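In what follows, a structure is listed as C-alpha cells, so that the remarks can point back to it.
Just so it is clear, A, B, C and D label the chains in written order, and each chain counts residues from 1 on its own.
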Amino acid sequence: MQLTSEQADKLIGAARTKAKAIGIAVSVAILDSAGHMKAFSRMDGAWLGSSDVALRKARTSVLFEAETHSIWDIRKPDAQAHGLEHTNGGLVTFAGGIPLRAVNGDLLGSDRRLGGQVEQDFAVASAGVASLPA
Amino acid sequence: MQLTSEQADKLIGAARTKAKAIGIAVSVAILDSAGHMKAFSRMDGAWLGSSDVALRKARTSVLFEAETHSIWDIRKPDAQAHGLEHTNGGLVTFAGGIPLRAVNGDLLGSDRRLGGQVEQDFAVASAGVASLPA
Amino acid sequence: MQLTSEQADKLIGAARTKAKAIGIAVSVAILDSAGHMKAFSRMDGAWLGSSDVALRKARTSVLFEAETHSIWDIRKPDAQAHGLEHTNGGLVTFAGGIPLRAVNGDLLGSDRRLGGQVEQDFAVASAGVASLPA
Amino acid sequence: MQLTSEQADKLIGAARTKAKAIGIAVSVAILDSAGHMKAFSRMDGAWLGSSDVALRKARTSVLFEAETHSIWDIRKPDAQAHGLEHTNGGLVTFAGGIPLRAVNGDLLGSDRRLGGQVEQDFAVASAGVASLPA
C-alpha cells in the first residue's frame, strides 16, 4: 500500500488548518515510505529556511521509521549513536517529523512541518497524521 | 507581489486535471520568483525521476525568465552559450518550464511538469498557467 | 520592493568605512530577501575564510528573518531546535548577520561581515544597516 | 602583487557603465589570482541565473589563465581535452571570462559578466579590464 496523492493533499490541508488555528505559518513536506517527496506546501509568511528543515525532518523520520525527537536520545553527544545526524546527508532530530502508518502498520511515509515553536510544529504535524483514515 | 499558496494550489489543481484528461501522471513543481519551492505534487503513477526534472525545469525557467525550451537555442553545441546547462547546479532545457507572470508582467514564479511526452508536458504546464487569474 | 544595487553599494561602503575606523578588514555580503547575492566585497587583508562566513551569516539571517546571534538560543545543544545549524546547507549562528528592512518593515535582504572579533563584526554590520535610508 | 579592493571596485564600475551604455543588466564577478571572490555585483534586472554563470566564467578564466572562449577549442567533443568542462566543479567555456594581468604580466585575477548576448558580455568584460591601470 502506497501513500496516494489524495492522502497527501488531505495531510497538507489538515496541517495548514491547524497551523492557521494556532496562528503560525509553516512548510509541510509529505514523503512516501521510500523518502521521496510526494507533496509540499510553503504557507504564505513561512520562513524560507523552513522548507529545508521540513524536508529533512520528514526524511529523517522515514529513514529510521521514528518520530524525529525520539532519535535525539540515541544521537546526543554521549549516546551510543552520537553523531548519527551527520549521516544520510544530514538529519534533523528535534520534534515535528512523524511516520505515517496505515491501519496495518505499514510505513506509508512521513509528514513534517516547521514554522513555530517546536511544540506547535508537533501539534501541526499530529493534526496532519490524525487526518489519515484509520 | 508574491505568489500565494492559494495561487500555487490552483496551478497544481489545473495541471493535474489536464494531465488526467490526457491520460498521463506527472510531477508538478511551483516555484516563487526567487526559485524557492512553493508547492509540489507527484501524482500517483508518475516516475520517481520526474520530481527532479520538474524542479529543475521550474528553476531553469525562473533563473532565466524564459520558457525552458527557448534556452535550447542558445545552449546547444554550436550556439553562443554552449554548455550553459551545466551552470546553476544543472539546468533542463526542453519544454515544460513556463514563467508565471502577474497581470503587470512581474515574474511570479515558475510552473513545471514532467511525466508524459514533452508536448504533453507543455500542454499540462500551459493548463496550469492558464488558471492564474488574469 | 526589492533591494537595489545602489542600496547594496551604500551598505558595503558604510561597512568598509566602519571597519577601517576600528582597524579591521572584513568580507561584506549583501543578499536580497530571497537569499541571492546582490553584492560582495572582501577587503584587502581580510581572511580568505571570512567570505564563506559572511555569505552564510547573511543567508542564515534571510532564511529565518532574524539576527544570526538570536538563533543560537534555539539551536544550542539543549534547546528546542538543537542542530538547526546543520540544515539549509549550514547556518552560522553567531553575531554579525542582520536582516535589512524597508521603512514598511518588509524584508529587503541581509547584511553580514566577518573579519574581527564578533562584537566588532556586529558594529560593522550595524553601520551598514544604519546607512539604509529610513 | 595582488588585486586590491580599489581595483576590483573600479572594474565593477567600468563594467556596469558599459552594460548600461549598451542597455543590458549583468552580474559581475571579480576573482583574485587564486580564484577567490574579491567583489561581486548583480545589477538590477539581471537574471538570477547570471550570478552563477559569472562566477564560473571568472573561475574558469583563473584556473586555466585564459579567456573562457579560448578553452572551447580544447574541450569540444573531438578535441584533445574533450569534457574538460566537467572538471573543477564545472567550467564555463563561452566568451566573457577574461584574465586580469598586471603590467608585468602576473595574473591578478579574473573578471566576468553575463546578462546579454555573448558578444555584449565580452564587450562589458573588456571594458572592465581596460579600466585597470596599465
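Heads up, the rule we're going with is that a residue touches a chain if its C-beta (ideal position, glycine included) is under 8 Å from a C-beta of that chain, and two chains touch if they have at least 3 such contacts.
No experiment lies behind these values; they were computed from the predicted model shown.
Comparing the contact residues of subunit A and subunit C by number shows a mostly separate set, under half of all numbers used being common to the two copies. Averaged C-alpha coordinates put the centre of subunit A at 26 Å from the centre of subunit B. One finds 43 Å separating the Cα centroids of subunit A and subunit D. Between the CA-based centres of subunit A and subunit C the separation comes to 30 Å, rounded to the whole angstrom. Counting only residues that touch two or more partner chains, subunit A has 48. Contacts between chains form some other arrangement here, matching none of path, ring, star or all-to-all. Residue ranges on subunit A touching subunit C, taken from their complex, read 47-49, 52-53, 56, 72, 77, 85-86, 90, 92-95, 117-119.
Touching subunit C in their complex are the following residues of subunit D: 2, 4-5, 8-9, 16, 34, 36-44, 48, 51. The part of subunit C that touches subunit B in the complex is made up of residues 32-36. Residues 34-35, 60, 62-65, 77, 80-84, 86-89, 91 of subunit C touch subunit A in their complex.
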